[in-house]
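One chain, chain A, appears in both complexes that follow, with chain B as partner in the first and chain C in the second.
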Partner chain A sequence: MSHLNIAVIIKLEPDFSEGNVSYNPDGTLNRAETKNTLGPHSAIAAHAAFFGRVMYDAKVSIATMGPPIADLALQQAQQISDAEELHLYSDRLFAGADTLGTAEVLRVGIEKMQEKMDIVFSGHRASDGETGQTGPQTAWKLGFTFLGNVISYNVDVETRMVRAKRLISLQGLPNIIEEVEAPLPVFISIDPTYKSSYNTVSQRLAFQKYKKEAIQLSDNFKDYLKIFNAKELGVDETLVGLPGSPTIVYKVERVPKSTATRQAEVIDGSDPEQISKVVKKMKEALSAMVIK
Partner chain B sequence: MVEKYRHLYVVIEHEDGKFLPVSLEMIGEARRLLDGFNSKYSSNEKVVAVILGHNIQDLSKQLIEYGADAVVYADNPELKDVRNTIYTKVIGQIAQDTKSLGEIEPEYANDVKRPRYMFFAADSIGRHLSSTTLVELESGLASDINKLVIEDIEMSHQQKTGGKKETYAKTLEMYRPDFSGFLWTTILCLDNRNPAFQRDYHPQSCSIIPGVFEPLKPDSSREGKIIEFTPTIDKQDLKVRILNRQILKSEVDFDTPRTIISFGRGIKNDPESNIKLIENLAKELNAEIGVTLPMSKKPYSISHALDSKYMIPDRVIGTSGHKTSAMLYIATGVSGAMQHVWGMKDSGFVVAINPDEEAPIKDECDIFIKGRMEDVIPLLIEEIKKQIHIVEVQ
Partner chain C sequence: MAIIGGGSAGLAALKQLSHLGKQAILLEAGSKVGSKNLSGGILYSKKPKKGNVSNVEQLYENFLDDAPIERKITKYILHSTSQNKIYSMDLTTAHDYQANFGCSVLLNKLNSWFAVQAEEAAKKLGGGIIPGVHVKSINWNEQNDATIIQTDELDEFEVKAIIAADGVNSEVAETVGARKKFTPEQLYQGVKVIVKLPEDIINKRFGVSSDEGAAHLFAGDVTLNHIGGGFLYTNSDTLSVGAVYHFDSQISNPTEPYNLIDVLLKNPLISEFIKDDVPIKPKIDKNLPQEEQLRIRFAVAKLIKTWYEIREASLSSIGRDRLLKSGKYKTVEDIQKRLSAIQEQMTEKFGLTFGTDYLEDEYGAKLVPDGKRCRMRKPYFKNILFVGDAAGRGVFVGPRIEGLNVGIDDGVRAANAVAQALDKNDFSENSLGENYSKSVDESPFTTDMKEIDKDYLKIFLDAAKDVPKDIIGSRYGPILKMMSSGTMRGIAVKFANILGYDKLLPMIESEDTYVRVPIQLAERLGEPVLSSYSPTIPSIADRIANLNYNDDHLSHIKVLNPTSEYIKKMVTLCPAKCYTEESGKVIIQHEGCVDCGTCSQETEWKHPRGEKGIHYKYG
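Showing the complex of A and B:
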């Protein structure tokens, strides 16, 4: 039996796109006025799962933890990935969880899915929380080999091996692409630069076929949706939500205005004469360069 | 009271026999924090560098010079490359190894079980390694930290203390800038003292943004203990095979150009034509183009070509991207969030173009051109054409 089972963990996030996002006068996000959507990194993870659907005829399942309205993110991710199984873990007991408490819910949920997973995908990080910890923490709890910053992958379904390229960027060094090989199961967190490529005609035909199917499925996404509360999921209530979260947000403050490091001269931008003086100063600043 | 948690462990990263700068920055900050800690609490806790790799004895010694009191190293051919699974296991073993914990400071040897605090780098390696290690250790982790304070905190918390007032002594306050750069969130990792679900959460851990803290000058007269740790290596944890590594040359270069022009949300009135204007200005000055962090998150769908050329993480100037010391830095439509300022403040001459005189960037520039970029940049280009002719420098 060489079938491949793929799960994706996703997140409903504030929509940062122009027209949907709203900022407070102080530059912070106005959450009440900002719409929600499938997080952009989650969407990339769903695309990576769809690659597995097209290339290996994989079965795709999607999981998220969130409020009831997070079913919107599941629908959007289904439309991308042609998933047959959508899981929403929703309970007030889960609220306020940090990444460790969240990873526990996702771990239990993934293990509860119909199939035993071969690959689990997550996005690089959420665009609101931005920790990037939930993916690797879920991986470790599942006991899956974790591969981070993956920009492309392929699977040998017969030998049950995955090959992946990872983008590693380290301070002061040029970026490195590392190619790795690991036996399934693996947990892959997808780099923002991930791209699926379908090179042959048969791949592109399969792409079209599953794309069409994905749209049909997501039109009736509720037929594929299962919602679990804490009890239905069977989680240990001390390991999720606030009790299962070692960290708390102690305070949120405006970043204090740092003392001015420079004394700016203010110039009227509509006055060509003043602009001419600015350019003269720019020229002086660049004087170590070869200027004629 | 018996204290089971002692010392500050710093997980060191290195490549090709050299430390990544963030490793020494973390040691420097750890040293400053613990010096304050030891004098405040009349204690004798240590900065402990943890280093994994192969043939790393020399590196271990240098860590003492940079401020560590002790180094625990694991030297094994299987640790030559960073692989998440085996690295997580070995770091987990080191953090729970009471033998080396006792050797570090014999005074505490009888009771010590784990480190009190633990630092990782917030980069492609440390971000994931910290996440998995802290699941292994079942404790808390804050990411992308740029300020650290140790305090006794008195609080009552519905979940943590069951609503009772409690003092959490020697608590690490971990400050992280949020995605906007305007808010600072302080994260604490606290034991659950609520009788309903009592649990210890130590070490208190975080990942630290590279480039934020200053390293110490190496001092060869510093002394410290170097402790070899022999890891237990299970074949099960060696499943990942590294096939090859290829160095990528970035298309974006923030190190050689003398001039950098960066743009932020201020392009929003007409992103496409504003970016064209910025491109023209860059051409006149032979400048590289940078962006602020929110730009890399694709907030605008401009055009596929412009999106993929400019709205990318590789162009971000700031704590989540590059740091530059350009001779001339022009910030247009940039408000001046802390995380961006960090990336440009070492520049020589700074010009900001912004209609809002209240924008924080005003305090970070030498000339503040008040106006909209749509109006100002064409004037600048015209004037530069008259005055400046850049000769290509090799």
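Showing the complex of A and C:
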């Protein structure tokens, strides 16, 4: 069986779960005392990588960009995914990077990993103010096919094809699930609803085995950890950090609640003509959606 | 080869099969092994006069050094109660009878440890443990002789043989038709709470060292006229307080199981055993702004948590070592100082006071099979062998309460039989089933379920020798007299066993034994015990709210006839208060169910799907 290499990009985020958030006397969030943890979407991406570990005996590597304490997120992700390689890209120079700057660091990092990657996973988006572009941008920089909102996947290791289900939510329409196929390498952004399923006895046994291994590895996660600064990573300094980040955030505002633009029409269910009108409208709406 | 159910019995089977070099998998419905198991419980290691049993320390070589047992029980005392009067009898000799040891255990911890040992061995052979899987049916394909297991979670798969260790409410036994559901006469209902109490306090209060422990049993008015009794066992830093009653006695005179526990907790002796210093939350001034009230509530909760953590550690040898090793404290005095500082802060800043009360940390309930009345005479069906509670094999004789060790012994016997069958490639009832059945029949535990042991009986007669004969009453008087002479006792027991244990049981296990005589004893010979406080007992709603569940929107229990007499009794008898009656009809809300099985008699009853339902922290 030819081998499969999987990378996951993750993020350290403030832990918003109960008991871990700390507030200042004035009621505002106390950042210094609030604990940090592996972001929930990153955790889901790590679970997706672990699926590859269990099903295809894949080798998993994890990368994150952040301050030195982000090694905690790597440890947590290793515990989920049984990764053998942990990368932390940490440099003052990276501070203030927007998604494009981050994507550049991650690209260089991923290309520096021991193996050539077949699949790179990222979470849907971070919960602390990220816009969800890091994934697509990293994919673009790597030159990998991008598959977004993936809710399940499997790989044919022989033909090196990945088959994935994507959840597509279009406003005002019921969700649809699209099944796509792409040759490796691919970049997969995992949907928040993703859940690995292990349906046979041997898959469950493999799951147990690797899970145990993951816990053991993560107890000594420092043995697997490599920390790179900008120089060690060899990134082009003009492409990362503030200088490499064209986005300027000058104000963050709440989106005003939009007033409904849809118009409702009342249909008399007992009139066949009216019903066929509805069917026609539905057909139009469906044909407007691009489905492979 | 598959084992269904990861309680002590199933795990023993997996360990033994692996020891014999046979590959096996174990399927457990709980999300983690141990999370669905509940016991009293004292785990015994026995040395019977006749025959052999497999004890826990033989099966798990490192048991005595490494297993997370609580305490070795060195005192065993029976108390007869009548209001505040208590008459105590030391039955340590009965506890020691034919025993290597008996230790208090908490099943979540213990079964998790068994699982690690068993799985390590199983993995080397390609087997292992699969948690979170609920077996729903077993089918036989007549054409190719295949046995197929269907679960709620996995694709169906084939096995050569099955060991069913799925507990007292065995769905396997029922769905394949190996036995009917156990009836109320064949069962006990058990309820239990875990009370937190620091290690040092336990040592002092019960007069034991850190690795020793005490067991206290209760009969008399605390039974509220039910046949059975209460128990209190010391664990490392908790107490197990519970009640086990004949289920038919509960059916004929229903009492809320939680009330049976509450009566025990309110008995002055038990109140004194469980008491501790507890922080009493201050009333927060409702006139303060909302945020301020919230802030105070958070701060108080956090302080109380820290206080408990440090206090608990400071009152235990391991805890103190841990705190000192952490480097935060240099000496034990430092820890004390820190504790006093927190206490001061609690009082001065937030007006928190300290009082005497007790702290309950888990409530649970389960049915227990009475092996004397319900053990399967033929503990197999086709290529399925039944072990432990699933086979109805608990030894309950007087104060003797043994299910764990019997299940472990059964597990080993079943594994041996399966290993032989694998070698011969013969899984027929005549070979596999009969082999196992024979082995089980030879088990000293089976003998103990069938006959009175005169030496065991003598222990009680000796303990009761100072009791005035008229208390024992006309019913027992002549028997006692006869039994107290050595030669006569031998003859009498022989005669009794010829008459049949079954016929004697209703006489031995009667209200006289569990209620009337103990009350008389307490009233006539007992000493008054006073308690300095009355415990604040949580309501059943609070108890349920404090448990961990993984809720399933699908109900695993369906009421068959909402107006039947039996189901109406469930309104009282369900330990989780899942049943209510509305305009003559009984309805169930399954969300708080603790899978005890009490209502299974007249419902379509299944265990919840994999990972769903109750998850005990202690068990």
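The rule we apply is simple: the second predicted complex is superposed on the first by the 238 of 292 C-alpha atoms of A that agree within 3 Å, B and C clash if a C-alpha of one lies under 4 Å from a C-alpha of the other, contacts with A are read in each partner's own complex, and residues count from 1 in each chain.
One rule holds for everything that comes next: contacts are C-beta pairs under 8 Å (C-beta built on N, C-alpha and C of every residue); 3 or more make two chains touch, one makes a residue touch a chain.
Since the model is a prediction, treat every value here as computed from it, not as a measurement.
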Winner by number of chain A residues touched, once chain B and chain C are compared: B
Chain B versus chain C as contact partner of A:175, first or second or both or neither: first
First (chain B), second (chain C), both or neither touched by A:199: second
Which of chain B and chain C A:163 touches, first, second, both or neither: first
Touching partner for A:231 - first (chain B), second (chain C), both, neither: neither
Which of chain B and chain C A:209 touches, first, second, both or neither: second
First (chain B), second (chain C), both or neither touched by A:275: first
A:183 touches, of chain B and chain C: first, second, both or neither? first
Contacts of A:146 with chain B and chain C, given as first, second, both or neither: first
Chain A positions touched by chain B in one structure and by chain C in the second: 23, 27
Complex interface listing, chain A residues touching chain C: 23, 25, 27, 199-201, 204-205, 208-209
List of chain A residues in touch with chain B within their complex: 16-18, 21, 23, 26-29, 40, 96, 98-100, 103, 127-128, 130-133, 135-137, 139-141, 145-149, 163, 167-183, 189, 192-193, 238, 242-243, 245-255, 257-270, 272, 275-276, 278-286, 288-292
Residues of chain B touching chain A in the complex: 13, 15, 20-22, 84-85, 88, 121, 123-125, 127-128, 130-132, 134-136, 138-144, 153, 155, 157-160, 173, 177-190, 192, 194, 196-197, 199, 201, 210-211, 239-250, 258-259, 268, 294, 297-301, 312-313, 327-328, 335, 337-338, 341, 345, 348-353, 357, 360, 362-372, 375-376, 379-380, 382-384, 386-391, 393
Parts of chain C lying in touch with chain A, wherever the complex brings them together: 25, 119, 123, 126-130, 133, 153-155, 157, 291, 295
